[in-house]
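Each of the next two complexes has chain A plus one other chain: chain B in the first, chain C in the second.
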Partner chain A sequence: MPKISVTIDDKKLDVDVGKTILEICKESGIEILTMCHLKGLTDVGACRLCLVEIEGINKLLSACTTKIAANMIIRTKTEKIKRYQRITSELFFAERNHVCSVCVANGKCDLQKLGYKTEMDHIRYPYLFPECNVDTSHPWYVLDHNRCIMCTRCVRACGEVEGAHNWNVMNRGYQVRVISDFDTPWGESVTCTSCGKCVHACPTGAIWPKAIVQGQLEKKPEIIAELIEKRKMNL
Partner chain B sequence: MKTNTLSTDVELAKTDPRIKLITAKIKKENYKPDALIEILHTAQNAYGYLPMSVLKFITKALHLPPSRVYSTVTFYHFFSLKSKGEHTCLVCTGTACYVKGAQLILNEIEKQFALKPGQVTADNKLGVSVARCIGACGLAPAVVLDEEVHAKVSAEEIVNSINAKIAV
Partner chain C sequence: MSKKKIATIWLGGCSGCHMSLLDIDERILDVAKLADIVKCPIVDGKDLPEVDIVLVEGSVTSDEHLREILHIRKQAKALVALGDCAVTSNITGMRNYFDLKEVFDTAYVNAVSNDKEGSVPDHPELLKLRDKVVPLQEVVKVDFVIPGCPPDADTIFYVLFEFLNDRIPNLSEVKKLRYG
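And now, the complex of A and B:
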């Protein structure tokens, strides 16, 4: 594969063309915060956490959706980026009703980890306290909208990997919600195959299996990419 | 147990003449899933809103995931899932109905209820809309009052029928 040279955080690197900035950073051991990215799924740039600064471009670009190009000078840990990441993290918490102490994902939640990483000690924005449903209609799984951050990883895992297209997103702006079918209760969906991929894809405690208690959630988001690899091998 | 909720509603929809308008549009678009928005426009114009039975009909015809259709409908403010007005009156203004006096009907409705096509009364009792040919030309002029087709109606008859509806 042809190589190009780029500079990331003052380090000169020779990297493959055709990859995203995020992929390159991961391969080179440069940490980038992400939430909506999940290996194996199409990147959509929804969470705005992976923003990087590129010299000569006066706005921040999302590393997961921006392809690397020759001679790019990229910075991933400037004060500006840190400030934005902290704001984004606070907005996630202010937008829904996240109560870690009673959550199944407590201690294992990507959103909680993000809070620590961005050193979020308090939230400067008014909480929206939206009224959110908890859909318990599925025999095995629960969808708790209070804990959803609208990363759409479940939507993509369901559509791209399982091919069931049970999930999608309705409305717009702060009223967006994940839906199954026609905003049908999950248990009455005609498309859901109960495969459980969304449970593993979800980075928070928004989707979880019924048979667990507080703090006991074990998720394996890496199964999505593993599954795709295994399917390739079988071809 | 899961039941396929899509099929039963499709049967229901067959008795509604406005479905023909939508079917014609779907055929014209060659059943292309990409034409979803255009087809939803046709449906919204025919009904004044998008009833669930119609959404299910379109979903099935285009072989789309229900969640994709619902996502599209709720994204655009143009589309509405709720009926505008408790009672809806759709006056066909297609060529046949126009020739047979659709405009007279609309004039009379405007005179009696102070409603132009696309409007709803202040108490939300009655909404009036128009569509280009609902596929019932032999019955011209045709008016669809709620789910019933009124064939070869005069302006006076339809006003009486509307009054009877909104009285209850």
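And now, the complex of A and C:
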């Protein structure tokens, strides 16, 4: 594969063409915060956490959706980026109702980890306290909109990997919601195969199996990429 | 060095943060060497005197809490929000998704245990709940926050000890940041 030269955080690297900045950083051991990215799924740039600064471009770009190009000078940990990442995590918490102390994901949640990484000790914005539904109609799983950050990992896992396309997205702005089929109860879905991929893909306590209680959630998001690899082997 | 004055206050919380504070065990003696505890929830109801550091557990849920926290802010050099309720409103804030009347009716009128005879108490001596529960920083300037439900005893001691020694604690540095 042809190589190109780039500079990331003052390090000169020869890297493959055609990959995203995020892929290159992962391969080179450079840590980038992500939330909506999940290995195996198409990247959509929804969460805005993987922002990087590129010399000559006057806005921050998302590393997961920007292809690397020759001679790019990229910075991943500037004060500006850190400031934005902290604001983004605060807005996740202010937008819906995250009560970690009673959450199934407590202690194992990617959103909590994000808060710690961005050194978020409190939220500087007023909480919206929206009234959110909890859909318990599925026999095995629950969807709790209070804890959803609209990363759409469930939507993509269901559509791209399971091929069922039960999940979709409705409305805009702060009213945006994940929906099952045509905004009908999950338990009445005609497309859901109950495979559980969305449960594992979801980074928070928004989708979880009914059989567990507070702080007991175990997720294996890596199964999505593993499954894709295993399918290739079977061909 | 003269002894500092500290206090702990219990607003809209479950007292779990205070339990956690008690879990610092014998380290309370290290605190006592450096400071006098001039007020805490088990002493009588006098208003807070001037203090160097106050740890406040719980969120602002009533007119009484609001009056209290405004007074505390005037009296304290350093105001520390202790625990998730004080920092984020946490469980106490879960009633914010509903209308206050609905909340009252659910608790006092429609609860199964009320066998249809419940009514909302409205004695003038009772505190008045505010429409929305808010964390401390929405009504006063907060100098330091310790999130966690409850925060670890170790974290509470660390923060208190740093303040007592005139140092500013740093939760992220020592990986003591935790929610829930």
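Going forward, the second predicted complex is superposed on the first by the 235 of 235 C-alpha atoms of A that agree within 3 Å, B and C clash if a C-alpha of one lies under 4 Å from a C-alpha of the other, contacts with A are read in each partner's own complex, and residues count from 1 in each chain.
Convention: contacts are C-beta pairs under 8 Å (C-beta built on N, C-alpha and C of every residue); 3 or more make two chains touch, one makes a residue touch a chain.
In this text, all values refer to a predicted model and were calculated from it rather than measured experimentally.
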Clash-or-fit label for the pair chain B, chain C on chain A: fit
Contacts of A:Thr152 with chain B and chain C, given as first, second, both or neither: neither
Touched partner set for A:Thr191, first chain B, second chain C, both or neither: first
A:Thr66 touches, of chain B and chain C: first, second, both or neither? neither
Partner chain(s) touched by A:Thr76 [first = chain B, second = chain C, both, neither]: neither
Between chain B and chain C, more extensive residue contact with chain A: C
Chain B versus chain C as contact partner of A:Asp183, first or second or both or neither: first
First (chain B), second (chain C), both or neither touched by A:Val99: second
Which superposed partner A:Asn168 touches (first chain B, second chain C, both, neither): first
Overlay on chain A, chain C to chain B nearest C-alpha distance, Å: 24
In the complex with chain B, residue positions of chain A that touch it: 159, 165-172, 179-184, 188-191
Of all residues in chain A, those that touch chain C in their complex: 93, 97-103, 106-107, 112, 115-116, 119-124, 126-127, 129-132, 215
Residue numbers on chain B that touch chain A, as the complex places them: 2, 4-6, 52, 55-56, 65-71, 74-75
Chain C to chain A touching residues, read off their complex: 81, 84, 87-91, 93-94, 96-98, 132, 135, 137-138, 142, 145, 147, 149, 171-172, 175, 177-180
